[in-house]
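Naming follows writing order (A, B and C), and every chain is counted from residue 1.
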Amino acid sequence: MLARLFEEIPRFFSHYNTIFLLKAAATTLCLSAGGCIMGLLIGFSLALIRITRGQLLLPARILSISYVESFRRVPFLVTLLFMFFVYHALNLTVSVFIVGLTTVCLIAASYTGEIVRAGMESVHITQWEATEAMNFTLVQKLRLVILPQAWKVILPPLFYFFLGFIKDTALASQIGVVELTYSGKVLNNKGFSAALVFGTVLALYFTISYPLARFGAWMEKKVGVSKDRRR
Amino acid sequence: MEYTLQFGQVLKYVPYLIAGAWLSLQIAFLAFCGGMVIGLLGAMGKIFGGRIVRSVVGVYVTFFTNTPQLSQIYFLFFALPEAGILLTPYEAVLIGMTLNAGAYLTEIQRAGFISVHRAELEAAETMGMSLLQSVWYVILPHIIKVLFPPLSNLYIIMTLGTSMAAIFGVEELTGRALNVNAITFRSIEIFSVTAGLYLLVTVVASTVLVLLGRWLFHVKGKVF
Amino acid sequence: MAHGWRRRLAYLRIEDVDAFYGDTQVLHGVQLSIEKGQIVSLIGPSGSGKSTLLRVLVGLNKPRRGSVWLDGKPIEYGNKKALRAARDRFAIVFQQFNLFQNMNVLKNVTIVPVRIKKRDAQQVKKEATALLQKVGLGDKLHAYPDELSGGQQQRVAIARALALRPDVLLLDEVTSALDPELINEVLDTIRLLAKEGMTMVIVSHEMAFVREVASKVLFMDEGRIVEAGEAKEVLDNPKTDRAKEFMAKILRE
């Protein structure tokens, strides 16, 4: 078997195949990064809604909480298939990439909503009270005092979430998005050895994920240190 | 919108789906148990082992935590036959999930073990406890308290992760949902019901775990 | 039981106020009137509701019963705009300083006048610098709160409160966290403010200082005002048993 593998390698890493794989890897990254950034914008708004306290916004708050608590508890594959058929039912012809992207966005909104909320609540209540006693509006409280302190608690989990999602995007292959896992299936169907193909796919995922994981660990230390250094 | 929602057609399949959910839970449970064993060995190896053992465990953990579970199972299912090892879909999924879980569990358990400070052990020793007593009264309770939340969390994640078994034909919840979809074509209804079932299952599982933690181990936790 | 004419004269009146923390009642029918320029001190054991009373004045805790009158007008706790307007007249210095951790000392003092009260930035900066020099922190303008000692942070908090130009200054055990040699500087500042005619409500354990500076002293216990009167009277000759117990305990320390 190994002999066959070695014989295949030069054929496998042809110009076309390599470009194909690299493009697929880029798609994986774009899917994850794009979806997470868009999701963060929504998630951030969801967290803000939960902080409000007026009676008028109660239905919005309930919606926000329900959204955050539900989308995190459904597997990515199920949400993906659901969205696929929703697009179909609404007669919207979009690329599967867009379907995947919006699904990532929806799920990311849920997780990031929770992360941002936890970050804001981690700021000591005395900071909230001091701003309240000095007549800060909610926007002023968040912008001038709360968020500058909360981002340190928000950033590491947020980054790790993004990192984890890169692996989840593998499921997007099931609706036809040409990302890394899908490209593996394609090349395997073309006749290349499965060990070679899927081994390469795994290696490519690793090369994307591992450096980012190291970066995340470094960043986590940096953010934590700047908290400690001041005392 | 030309599509009209007809939940009636789908609702009669709910018992079928619930049976699938039960299989999902079983797969997650088995993979978790297997993963715990691997994790225990791995954590021990990383803490007490020599350079070689630590490197091997390190490579295993780094590899499995930086690659997708789906791709790992693909490899097991499609690549191993070339070396003569034929796995059924169920086996491939189970082994894949176990190996994947094992990597995360190694890290979790390792963090848990090293969280026992030497000071606690010294205090136990000076109070006259034997090694066995220190383990039972000091180390074990501490470790269980530290490990319970991340372990519960991982278990819920794994339960959701069983859905990818459907890709290989395993008839757990998502797999059965795909079957029903092929029969009735009521896609939106089926997948929303399936989503609802996963929600239900995870909430129930979380609640059970939180209660277990509170009553048996005095670990504080909440579901929402 | 104030009569109509006294009600109209009193600058700050707290009338029969009940306050709760969740389901626990922390203030029972509290009654208090303060004239402009008067300094009133609240004393009593911890948990007696002294801090809660200050929090009610600054709107952090809404009374479930009773009312608070400032300058002849009641504070409408339900109306957000009216509450903010009323709150504008008070400034509170908390027990735990509550400085904004993400800003340096100067920013802490200037942020509210500049950003929220929309005053001229240069003018505010000059005033803030003067205030900080007054409290002895002229050389720490650019330091961050977690680089300062507790005493220094408290003085910044006082400067921050003064920068708000309040009509009534509320001080919640501001010296409790300070080293002995620093207490006097803070007390000197408060004395200066008293001479300048600032209306103040002071919660404190510093009995000697209270006796010197306050004109009226109220002894609180378990959410009620147990004894009230002139400072020297309440502190030297407590009449109720609870007050006597408390003063004895304090003097023994």
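We take it that a contact is a pair of C-beta atoms (placed from the backbone, for glycine too) under 8 Å apart; a residue touches a chain by one contact, two chains touch by 3 or more.
For clarity, every value in this text was computed on a predicted model and none was experimentally measured.
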{"item": "Identity of the chain that, by mean CA position, is farthest from subunit C", "value": "B"}
{"item": "Chain closest to the middle, measuring from C-alpha centroids that were averaged per chain", "value": "A"}
{"item": "Centroid distance [mean C-alpha coordinates] between subunit B and subunit A, Å", "value": "20"}
{"item": "Geometric centre distance via CA averages, subunit C-subunit A, whole Å", "value": "48"}
{"item": "Computed distance of Cα centres, subunit C from subunit B, in Å", "value": "55"}
{"item": "Interfacial residue positions of subunit A with respect to subunit B in the complex", "value": "1, 69-70, 73-79, 81-82, 85-86, 88-91, 166-171, 173-174, 180-181, 184-185, 188, 193-195, 197-199, 201-202, 205-206, 209-210, 213"}
{"item": "Sites on subunit A touched by subunit C in the complex", "value": "126-127, 129-136, 140, 144-145, 148-149, 230-231"}
{"item": "Touch list for subunit B against partner subunit A, complex", "value": "1-3, 62-63, 65-72, 74-75, 78-79, 81-83, 156, 160-164, 166-167, 174, 177-178, 187-188, 191-192, 194-195, 198-199, 202-203, 224"}
{"item": "Subunit C residues within the subunit A interface of the complex", "value": "58-60, 84, 87-88, 90, 92, 94, 96, 98-103, 111-112, 115-116, 144, 146-147, 164"}
